[in-house]
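Before we start, here is the structure in question, set down as structure tokens.
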Amino acid sequence: MSLALDLALCALILGVALATVAGSGLFRAIVFFIVYGLLVAVGWVRLGAIDVALAEAAIGAGLTGVLLLAAHGRLRRLGTARDASHGAHLLSALAGAALAAALAWAWFVLPLPERPGPELAAAMPRAGVENPVTAVLLNFRAWDTLLESIVLLAALIGLWMLTRERDWSGRLGLPQHSRAGGVLASFGRVLPPVGLLIGVWLVWAGADRHGGAFQGGTVLAAVGLVAAMAGLVRPPRIGARLWHVALMIGPAVFVLAGLAGAILAGEFLTLPPPIAKPAILTIEIALTASIAATLAFLVLGPPEEGRAP
Amino acid sequence: MRGIWIKAILHRTVLFGAIWGVLTAPGVEGLVAGLFAVPATVWLSLRLMPAHHPVALWRLALHLPRFLAGSVTGGIDVARRAFARDMPLNPGWVELPVDLPDGGRVALGGELSLMPGTLAAGSHEGRLLVHLLDTEAGFDRTIPREAADIAAILGAKRTRDGRP
Amino acid sequence: MADLATIALTAAGLFFFVAGTVGLIRFPDTFTRLHALTKADNLGLGFIALGIALQAETWAQVARLGLIWALALLAAGAMAQLVARTALEREDAE
Amino acid sequence: MTLWLTFVALGVLASLAGALWRVWRGPREADRMMAAQLVGTGGVGLLVVLAPLQDWAALDVALVLALLAALAAVGFVKARSDDGAGDPEEAPPTPEMMRPRQTRHDPRGRHG
């Protein structure tokens, strides 16, 4: 019976993936992609990967949907919201199939991924935290995470480079507005506080259970976007100092902690046990601020004048 | 006015504190983090939704059973229509003036959308737009009663456009 | 006893979920479908959460189920009004 | 109990699959969007059922999904507005779309 459930879930995920790429109509593909994110989150829960499921729920079912829908709305306003030509379809189908084949080949050739082995179990007491995922991300393989946080920042800078000259000093994204006291505005007043609480909790719980800077930061970005889209909170301008600090603080604190490790333990980014837990918590809090701000700004887009002056 | 604010801060601290407690239970280490998280949340909530109306919690509690019962009736009604062979539907719109502050009108709309046969589509110039699943079943008769309940929850103070 | 109640409540929840889907498929226009979705689905979720709450091991899990349902209701109330209004504004058949 | 709850989970999954038909079929964008909403609520329900079957931590994922359930719909109505940044409630409703009680004796209603 449990096998039937997993098979049904897999079939549904595959079916939705096919419907996303096979059907005509951009909007339909976007909605299927949102649904795909939802189902994949359930799939990760079935696999026992709660941390990944949380990230997928917040990113796949939350932020990506808003981003794609906004992009589609823009294409429609520009009058270019139509399907790609057959040739382009064929080309991307071939590229996708080649990528899938390469992944499948790698999956069969590489040794089967083992459950976190005895090495991780032996190392856990030195980690400073009890959640093995957090231990790996922020201690044992901190390099990857540090570089990822810098990549995210680089992506935002790349996006901002698309700003038109005359819009440079404007606020991020389109000028959002809503009817005062309407449904959207009221929803934007009620949801963000609860989201703030849940986002902070995800970061806090990440040390010992599941969650972490990425999941918490994404939730915070999402509810911040709700407040911004409801026209209640005005997005900052590119030059705003406070937000520069928010964007930079994650990677900066990470590098500082790495230097502290270099002095105390003789190797960059090695967190010796006595300072591991406070260091990881500090990095997590700083990373959360940076991830939340970066993701929210990425979805808002570069400054644009839009309709209002 | 000051009484409303103090009451609102108290209410919201208790509410968000309870949510934080639920999230971090069973451990007690979460309480320390809560000392920062809960006040920050209360501040954000007061900033986004200033306390203009005294909320009568006991009236809200009184209203809850009615809402739950209506929600169950609404679900059964929709299920009955969905499964019926000839699908008895008779959809149409009504527009009705609702004398509530703006947030209250939205809450009423949301509630009506979960109650039998009614679905709100926001409002226009103080009039709530309601879609009826069956224009002859008298679903709209209950709307004034719900509006009165919400008005009572929000205190007696009512303004037409609700803006402070 | 709790198990029996769980079975009854989750069965009711499943019934409403299926009813919501049947309504979504069978009802003739956007607005009536929105009725089916908003009402039946959240009732389904409510009954399932209630049934699972009887299996919970701690009160925190029960309260968390309540919070999940409350958030779903809030989302449904806002979503129904917003989507209905958008659908009201213009025809957009592709 | 495990058997029954697995059955319920399968049932919820089946009702999700039904909603996917509406995503495919449309015809209006609002129809597809609300079907995705159904999948969201169904996903929350599925995770709630999985909690006692598998891991109570599934509730935390359900909580995040429920919190962000309306996010896609909000993104949709924003993107659908004239300048991509508005609110459907700002414009007056189109009169020909909501002639009150106009469809009284037409059980099939309006088609989008």
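Should a chain be cited, it is by its letter among A, B, C and D, assigned in written order, with residues numbered from 1 in that chain.
Methods note: a contact is a pair of C-beta atoms (placed from the backbone, for glycine too) under 8 Å apart; a residue touches a chain by one contact, two chains touch by 3 or more.
Note that this is a predicted model, so its numbers are computed, not measured.
**Q** Going by the stated contact rule, which chains contact chain A and chain C alike?
**A** B, D
**Q** C-D or B-C: which has the larger count of contacting C-beta pairs?
**A** Counting C-beta pairs in contact, C-D comes out ahead.
**Q** Starting from the mean Cα coordinates of chain C and chain D, work out the distance between those two points in Å.
**A** Roughly 9 Å, centre to centre.
**Q** Distance from the CA centroid of chain B to that of chain C, rounded to the nearest Å?
**A** Taking the mean C-alpha position of each chain, the two centres sit 16 Å apart.
**Q** Counting only Cα atoms for the centres, state how far chain B is from chain D in Å.
**A** 20
**Q** Would you mind pulling out the distance in Å between where the CA atoms of chain A average out and where those of chain B do?
**A** So the centroids are 32 Å from each other.
**Q** Which residues of chain B are in contact with two or more other chains?
**A** In chain B, the residues touching two or more other chains are 19, 23, 87, 89, 91, 106-107, 109-110, 121-123, 129.
**Q** Note the residues in chain D that touch 2 or more other chains, in rising order.
**A** 14, 16, 26, 29, 33, 35, 60, 63, 67, 70, 74, 76-77, 80, 88-89, 93, 98, 107, 109
**Q** Would you give the residues of chain C that are in contact with at least 2 other chains, written as numbers and ranges?
**A** Each of 20, 22, 28-29, 31-32, 34, 42, 44, 64, 67, 71, 74, 76, 78, 81-82, 85, 88, 94 in chain C touches at least two other chains.
**Q** Quick check: in the complex, which residue numbers of chain B touch chain D?
**A** Answer in residue numbers: 87-95, 121-124, 129, 135-136.
**Q** With touch defined as at the start, can you tell me which chain D residues reach chain A in the complex?
**A** Against chain A, chain D makes touches at 2-3, 6-7, 9-10, 13-14, 16-17, 20, 23-24, 26, 29, 32-33, 35-36, 39-40, 43, 46-47, 50, 53-55, 57-58, 60-61, 63-65, 67-68, 70-72, 74-90.
**Q** Quick check on the complex: what are the chain A residues that touch chain C?
**A** 25, 27-28, 183-184, 186-187, 190-191, 194
**Q** What does chain A use to touch chain B in their complex?
**A** Residues 180-183, 185-190, 192-194, 196-198, 200-201, 204-205, 227, 232.
**Q** Please give the residue numbers of chain B that touch chain C in the complex, ascending.
**A** Within the complex, chain B touches chain C at residues 19, 22-23, 25-26, 71-72, 74-75, 77-79, 81-83, 87, 89, 91, 106-107, 109-111, 113-117, 119-122, 129, 131, 133.
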